[in-house]
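Each structure below appears as structure tokens.
Each of the next two complexes has subunit A plus one other chain: subunit B in the first, subunit C in the second.
Moving on to the complex of A and B:
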């Protein structure tokens, strides 16, 4: 089992927003939902490798900034064209005001 | 504005499976990282925010205009008074659907996704663009805007086929090709070019839609025969011809006469100031540089985005007429030299073009 990695402070991300986190040559997207929960996925859209952190969070959806492809960031499910391949998700926890993700 | 020619005189291959398609990949022009103006995340989030209200308002007006113009056309059918009603109906059917298809395909018009989907399907039927095929072709258009061999939506290729462009004001060749594609898809055939941008699992959906559309057109033609009247076809199908003029007029301005094979939308797209009626029909797509740079921004927020970034963009073309005054001479020049294009000047406040990335190799330039 991989170690937990500190991604950011909980307050670094606004509610209903997303932030980019790069670690060990990989890029992730960290989300804060409207009900103040945190989630993490791969950082690049599965359609054309665009950074999702530049996209728009609406409820439980992240929309890619390039082609408006949509994913459920809580489950990683692709929600229709032009995205067909699901996003990989990662466990997240908040500990002492820090957002930690398990990047295994 | 600067006019530029290049010494490289090799005929272009716009096929999606040809030589230039391969060269674009080899040269790093496919799926490249494009220039965009810097906007703070907070402001960008505000611009991207979705709302149902503007599109619901506009769609109610749009549908009401359809009903009133269709009713007038039917009521006065057989007399001259039907002409202005069918002019409005045709423009709504054959032109305003271009922008509705486009905005709802991006999913930005409404916040509620099913509303985008409903208007998207309706508009696609009227503009005769398969909703599956065109969703994917438009994704490619945004990835590889006006990249030769990659972009399936280049309206005017070089050297320009001006007869084709003129005929398309009446939807003639455009509609013919759309019908051929529809019948071919309905027969279960996806072309090699379509296969380059539609994923395999999506292709059956394109075939299913084409079959439904063929059934609708057959029913409309049968009704026309039954009634011994052109009226059913004046309402379904023919408006794609007699109402196409506005979407072709505005659509040619999007990229016409500008650069190819560049990765900066300021060089290959045109923002044009337009009258309020055209902006309603066109749903603000006259802010075309802004739309390509930030496709997440809904149509109703594009004027605000324009104000925010215009310091970094070429001066907007002041009117539709001014657009044609610069574009037509460029097209005529491209008949003699297909490497000629218009290079738009940037204001002093803008970040300069990255000339090393652009494939123009200018040998002659003249300020206009």
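Moving on to the complex of A and C:
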């Protein structure tokens, strides 16, 4: 599994923020944490398939813009109603100022 | 141990039952509902349940989860009386249940028109079965009259247009969405409906409405007659309080509870649409909310307090509506505001910040395509909860991140 794809430049995302990334018919959400690390998850909320990139990042939580379902974007763990299914996460690395994710 | 009994198996009751187990309570939990279904989400009933090819119930959790958690669900049964002295609730099938703590999550029902005997072509929407009945009349070319320009009526109007029906909305007030939505935002929704071909008649009371067998005949107060294949009536909701009232509990626009959601009996709680409660962020103003998130939050809070937490309700009211590609979100109660600051976002979206006389942010209403306003409304909600008084020029400038105001 070496299917790393370039998602964006490291500076494209503010700290404690999220960006949408579409690739090969799939959609992902790329996060930059307050302590300047990068993470990636599936792009759609497991509750009603809403794009999480329109949501709010607070610390290590992404909150769905539609119904406030919460996930830890570092682990994908669902954090309470209305979401009960975890988010899939993907490995991320930063190389020469580019954010790469392993879409697997 | 008698255990916990929850009357009402909607969003609120269902969330309360699950929360009791999440909190580690291992006594009996019984959920009593008058519908045949396990708790399900009602917001889709005016939207996806109308327009999806195969409408399906969106359960708040699977049957298996309720079984795994040992939550006993008694369905298709109503509670008919509470014997407070004996700590027992009597059900419509003749049985009764003992309780240690009782939660009333009885919800609300559609407000009825005063005209009696409307007939089968005049319908209300509350349950999944109501939604199926309405849907069976919505098809291309059918004429639908929506009585009431509130959220349910307007969302149904949008769904009916999507299915190709001809739609007329009749609203007695001078404009749609008089309750809780500012004129500026109501105007945008009004125009979106007109652009989609909906006829909106505001300022027109009903003189008469009757199912005439093959169609519904409607006469407006001004004498104009409208004929439709179906009339959907969405003129508000009334809280289900009869059970509590007959048990001698205080009623004040809903079952009156304190900030801990406790009714006038230390072992009885009420939550969700059926109750009125003091809202701390507005100086204890007593409100009743008909909102999905409130039902969730109060269900969970009631569960904590039934187990002795003594926690006060502190959430900021939050509401949303989807019509066509537009989403409206409101945090707080806009009628608490005395002045408004507008913040324009991309794609025509905007947010109105409602400020009290002393400059405190008390509400925010936003509208725009998709989820354009969601993030800023969420941040506004946090500012409201903090009782912040951000500078109006900062609120009004898209260049200033709302998140930066939270830290201030």
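We take it that the second predicted complex is superposed on the first by the 103 of 104 C-alpha atoms of A that agree within 3 Å, B and C clash if a C-alpha of one lies under 4 Å from a C-alpha of the other, contacts with A are read in each partner's own complex, and residues count from 1 in each chain.
One rule holds for everything that comes next: contacts are C-beta pairs under 8 Å (C-beta built on N, C-alpha and C of every residue); 3 or more make two chains touch, one makes a residue touch a chain.
All values reported here derive from a predicted model rather than from experimental measurement.
Visitor: Using the superposition on subunit A, decide if subunit B and subunit C clash or fit.
Guide: clash
Visitor: Tell me the contact category for A:37 with respect to subunit B and subunit C: first, second, both or neither.
Guide: Touch partners of A:37: none, neither subunit B nor subunit C.
Visitor: Check whether A:95 is in contact with subunit B, with subunit C, with both or with neither, and answer first, second, both or neither.
Guide: Neither partner.
Visitor: Quick one: classify A:70 as touching subunit B (first), subunit C (second), both or neither.
Guide: A:70 sits against subunit B, while subunit C stays out of touch.
Visitor: Return first, second, both or neither, reflecting whether A:82 touches subunit B, subunit C, both chains, or no partner chain.
Guide: After superposing on A, A:82 lies in contact with both subunit B and subunit C.
Visitor: A:55 in the overlay: touching subunit B, subunit C, both, or neither? Say first, second, both or neither.
Guide: Both: A:55 reaches subunit B and subunit C.
Visitor: Counting contacts the way the document defines them, which residues of subunit A are shared by the two interfaces, the one with subunit B and the one with subunit C?
Guide: On subunit A, the overlap between the subunit B and subunit C contacts is residues 54-56, 63, 65-68, 81-82, 84.
Visitor: Sort out for me which residues of subunit B touch subunit A in the complex.
Guide: Listed in rising order, the residues of subunit B that touch subunit A are 31, 44-45, 48-50, 106-108, 111, 132, 135-136, 139, 142-143, 199, 201-202, 294-296.
Visitor: Which residues of subunit A touch subunit B in their complex?
Guide: Contact set of subunit A toward subunit B: 17, 47-49, 54-56, 58, 63, 65-68, 70, 81-82, 84.
Visitor: So in the complex, the part of subunit C that touches subunit A is made up of which residues?
Guide: Residues of subunit C touching subunit A: 15, 18, 41, 60-61, 65, 292-293, 296, 300, 318, 320, 370-372, 374-375, 378-379, 403.
Visitor: So in the complex, which bits of subunit A are touching subunit C?
Guide: Contact set of subunit A toward subunit C: 16, 50-51, 54-56, 63, 65-68, 81-82, 84.
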